[in-house]
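Each in structure tokens, the structures are laid out below.
Next come two complexes built around chain A: one with chain B, the other with chain C.
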Partner chain A sequence: MDKEFIARGVRRCSTPKFLLWILPWIGLAAFGLYAAGLCLVKGLNQTNMDNRFAFGLWIFLDLAVIALGAGAFFTGFLLYILKLDALKQVINSAVVIGLVCYSGAMCVLAVDVGQPLRAWFTFWYPNVHSMLTEVTFCISCYLTVLLVEYVPILLRNRKLRQVPSFLVFEFELHKLIYVLAGVGTFLSFFHQGSLGGLYGVLRGRPFAFREGLAVWPSTFFLFILSAAAVGPSFVLLTTWLVEKITRKRLVEARVLELLGRISGLLLAVYVLAKSLDTLVWINRTSPETGFPAAQYYAWKPFGTWILLAEIVLFGLVPALILLTPRLRARRAWLVPAAAMACAGVALNRFVMTIQTLAVPTLSFDRYLSYTPSWQEVGTFLAVAAYGVLVYSFSFRYLQIFPAERELRFEAEQAEELPVAAGRN
Partner chain B sequence: MLPWNYGFHWNTGTIVFMGAFYIVLAIVAATVLSALQRSRRALAAGKTEQIRWHSDFHDLPAGDRVCRHVLTGEFQHRECPHAFDCRECEKHAQLIAARPVGQPAEQEVCGMEFPLDRFYHRGHTWARPEANGTVTVGLDELGSRLVGTPDSVELPQPGTRVLVNGTAFRIRKRGADVRLLSPVDGEVVATGGVSRGWYLKVKPLERRFDPRHLLRGAEIHPWVMREMERLQLALPAEGATCATLADGGVPVADIGAGYPEADWDAVCGKMLLEP
Partner chain C sequence: MISQKNPVKIARYGMTIDIDRCNGCGACMVACAVENNIPPAHAGASDRKGITWIRVFKVDNGAEYPAKRSVFIPVLCQQCDHDTPCVHVCPQQAVDLDPATGVVGQMPERCLGCRYCMAACPYHARYFNWWDPEWPAGMEKTLNPDVAPRMRGVVEKCNFCHGRWHAARESAAAAGKPNTEPVTYTPACVEACPTGAIQFGDLKDPASAPAQAAQKPEAFRLLEKLGTEPKIYYRSKREWVRGIASAPKAGARKEPARG
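Moving on, here comes the complex of A and B:
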């Protein structure tokens, strides 16, 4: 029914099957929109957050998806600025993932901040001394960049390309894409850093407070490094997942290995930096504020296991796997290592958001636990459903993986060779 | 945000932060506006077809973008840097000057006729200069056997300008809808069809037909052999209702009829250089 919209030479499932696939995600998105609507109409009393526990599931989700979406800027940087041409095979996917992550984060932030009719205040009356302002501006700008980067991918749709003005605009815009890649890198570096900086400057929260360089706490640099490290891993992981779901080869194995190697290298540097930072924090920063670091881990479930899991299990271990060529060459190691790296950065953002607020900092304060309300979970799920829907439509109608067609021809020939040999 | 806003102060933080923000916005806006402006100029200059081909050529697999001199064995590996427009290629001029293209003994390749009185485009169209100064454009034997008897043919109106590597005409067959690339720059003066053995008669621009980008003579045989290999790779071995190429023989008149289960749109797209 929609064949003329699908790229030539690629195979997609039938329209009814596709509708069947998207239906539950639409249902989930509708449920989430209802939950988000309740929060916007009735207020944040619909959530389990309060003045004491002001950051919850949503901020954790924002931080995690923005870190995972870093694959968009970092892949663009590697391809267009450092000229790693092999990454052409995944750049479109990285842009779609980035767009989904950033737009999803913006939507959740809009619900979290509330007062949507006054959303423009943050741009019109910015506090230029606030890292949150920097984050808001950078994310908004980068989302604009991602939307512009998505336009050429959209206009390459088989049907849209038949419109001369779309074809020409796509061609001309693509010629300038390196400018957008450069701007995207600049913006991403700053907002990833500012997100980390948000926590590092919290002098009243010694669990998160860090020293650093000039006005930038160490978390500023750690967030940049960790996002750059897991961005390629997330692109790898999603590509593998799409390959599994669609039962198609979409990129060459060497590209996934390259992503793994880049991720492993940066992850190793991150683990080293994070370990040094943790040592300085345990031995100097935290005691100087009157809190021995062990105290933070006295409240369950946040024991020292979480620190070890973050640095060793989800940091050092995947880094070592991704840096070992023999292991990296095998999917059974490569994919779990990428998944562990992604889980590691999500855990880091969870710790920075939830554990920071759970730990008491005043003598009359108490340890707090927080469980998100169903409205919070619903909104969270809506973002996940939205991501799946955007990616599914993009995969079906746009050329997300340019090498797919040739790999299909190759795969078909490889399947037929034994048949032909048998006939002879 | 702006100096007239309540609470606005000119200080270093404001200037640095807002300066950086506005510079970024200006760069993004300038990039989009520049692309729009370039597009407007390109559309006004009638470069759509040229751009379409450059875009398509970029999307072809590396193996399909090889230089014609790879086909004749003068290079092991070389990607065409001019999107199959050898008129711009200095290397081609040097090689042709050093070793002019010879004439083969016969015009039959793999049981298909490739007459030597014409020039061949890599997208399976041919151009034959006529005594009256026009150029006749047709589909070569392999291309004809790929599309068999087309379901429909979309020809340009007389008076339409066609450009080398731009769309000459479109053919629809068995779910495939492909454009055929023009081997010549000029103005369409007459249209033909399948039954007439040619599709267009074109008056070349400036009354001069320049065939430097087209294959001829001894170049035809190695090119067709390579095309047959590409075709074999594009066709599924399973599901064929006739003898397959690997079994020998010559291609049948309507190859598509022998592969009812093949994705004919993909096969034609690959062979006729429309990714």
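Moving on, here comes the complex of A and C:
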């Protein structure tokens, strides 16, 4: 039915099968939209956030998703600026992932604020001292860059290519790709950092407060580093997942290994920097504000295990696996290690958001817990469903894995050769 | 008009709260709500979703009877004077520290409702409007015409009864007093306190009651080590009470907040 929209030389499942695949995701998206609608119409009283837990599931997942979406800018940076040509095989997929992650996060943020119609105020009355202003500016600009980067991928659709002006536009736009990659890298570095800075500047929350360089707390740099480290891991993970679901070879094994190696290298640097930062925080920053760091971990369930899990189990261990060529060459090690790296960064964002707010600052205050409401969970599920849908449509109708056709051709030839040899 | 480029520190309004005098009656909370048009709590509001610009905590010394002792600590916006945590985080300048009075102001009309200021506040003295403000039929007639009610989705907090300050400012101007001189007024909570535990005035004026009380050895401020220079001073002659000003100790507090 939709064959003329599918790229030549690649195989896609039948239309009914595709519809069957997207149907549950559409259902989930509809449920999530209903939940988000309740929050928008009735207000944030639909959530389980409160005056103490001012941030909740949404901010935690937004930060995690944006970190995972960093693969878009970092892969672009490696490919177009550092000329790692092998990454051409995954760049389109990375752009789609980035677009999904950033646009999804923006949608959730629009529900999360009490007065979404005032979002433009940040541009009109910007407080230049606020990290959130920096985040808003950079994310908005970077989302625009991602949209512009997505356009050439979209215009390469078999049907759209039949329109000559689209071809010209795509060709001209592609000339800008180096500029876009540069701008995207700059914006991304800044907003990943600003997201870390959001917490690092909180002088009133000694659990999160960090010293730093000039106006930037150490979390600014740690967030950049951690996002750059897990971005490639997430691209690796999604590529592997898509290969498994579609039962197709989409990229060469060496590309996944390269992504793993880059991720491992950056993760190792991040673990080192994070460890040093933690030591400075424990021994100087936190005690100077009157808060001995040990007391943060005396409130259960957030014991020291969470710190060890973040740095060792989901930091050092995957870094070592990804840096070991023998282990990296085997999917059974490579994929779990990439998943662990992603989980580690998600855990970091959880700690920075949830633990920061749970730990009391006043001696006579209580340690508080928070469980998200179904409306909060539903809203985020809508974003997850939206992500799967955008990616599924992109995979079906656009060439997001440029090497797929060649790999299929090679695989078919390899299959034919023994048959031919047998005939002879 | 006071120049914004070269702000003059005309006054530093502050408060002292004598913990030894506070009996936890909550009159300050009620007076504050009435003065500042804080609506009655919504039926679905919990202890953590309600709005009260001043909140009275019940705190004990952790000992068992008969050594157990309790005090009441009213906590409101501490009007931080240095590196004010909520001011520099607000993305759209909806929070400001008035250079002339030292009062940390909140502009609900500009607030996005991102709640970053609430996360930044170490005293948990900021409140979000989780519901539309609603008053029972007839009660809207009791609203204070000098204070605008806030809408759903914005943050609010104590502003040392800005409406009263404004009225005092206007009276002073009518009397021909220059605006470079501080005005004297009394916030609602101070007025309502039956034991006179709360004193309010200009901390820059050495003759003012809070300025003098703040100098006494039994005066202390909450979380002073954070370096935010709060302008609310607490007082107690009891050492264990002064000890609660510092950081919490894990597991030490089980008592729920009151109010």
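In this section, the second predicted complex is superposed on the first by the 414 of 424 C-alpha atoms of A that agree within 3 Å, B and C clash if a C-alpha of one lies under 4 Å from a C-alpha of the other, contacts with A are read in each partner's own complex, and residues count from 1 in each chain.
Keep this in mind: a contact is a pair of C-beta atoms (placed from the backbone, for glycine too) under 8 Å apart; a residue touches a chain by one contact, two chains touch by 3 or more.
Every value quoted in this text rests on a predicted model; they were computed, and no experiment measured them.
Q: Tell me which partner A:Asp2 touches in the superposition: chain B (first), chain C (second), both or neither.
A: After superposing on A, A:Asp2 lies clear of both chain B and chain C.
Q: For A:Tyr125, is the partner it touches chain B (first), chain C (second), both, or none of the two (neither)?
A: both
Q: Based on the superposed arrangement, let me know which partner A:Glu211 touches: chain B (first), chain C (second), both, or neither?
A: In the superposed model, A:Glu211 contacts neither chain B nor chain C.
Q: Looking at A:Thr289, would you say it contacts chain B, chain C, both, or neither? Reply first, second, both or neither.
A: second
Q: May I ask you to decide whether A:Asp50 touches chain B, chain C, both, or neither, giving the answer as first, second, both or neither?
A: In the superposition, A:Asp50 touches chain C alone.
Q: Contacts for A:Gly114 in the overlay, against chain B (first) and chain C (second): which applies, first, second, both or neither?
A: The answer is second: A:Gly114 touches chain C but not chain B.
Q: Contact-wise, after the overlay, does A:Leu202 reach chain B, chain C, both or neither (first, second, both, neither)?
A: The answer is second: A:Leu202 touches chain C but not chain B.
Q: Quick check for you: in the superposed arrangement, does A:Ser363 touch first (chain B), second (chain C), both or neither?
A: A:Ser363 contacts chain C only, not chain B.
Q: Can you give me the overlap between the chain B contact set and the chain C contact set on chain A?
A: Dual-contact residues (chain A): 124-126, 129, 133.
Q: Where on chain A is chain B touching in the complex?
A: 3-4, 8-9, 11, 123-126, 128-129, 133-134, 137, 141, 144-145, 148, 161, 164-165, 167-173, 175-176, 179-180, 183, 186-187, 402, 405-406, 409, 412-413, 416, 419-420
Q: Could you list, by residue number, the parts of chain B that touch chain A in their complex?
A: Residues in contact with chain A: 1-2, 5-7, 13-14, 17-18, 21, 24-25, 27-28, 31-32, 34-36, 38-39, 42-43, 47-48, 51-52, 54-55, 59, 61, 175, 177, 233-234, 236-238, 246, 263, 265-266, 269-270, 274-275.
Q: Residues of chain A touching chain C in their complex?
A: Residues 43-45, 49-55, 112-115, 118-119, 121-122, 124-127, 129-133, 136, 198, 201-206, 288-292, 295, 298-299, 356-357, 360-368.
Q: Can you name the residues of chain C that touch chain A in the complex?
A: Residue list for chain C touching chain A: 42, 44, 46, 48-50, 57, 59, 73, 75, 83, 85, 88-94, 110-116, 118-124, 126-132, 151-155, 222-228, 243-257.
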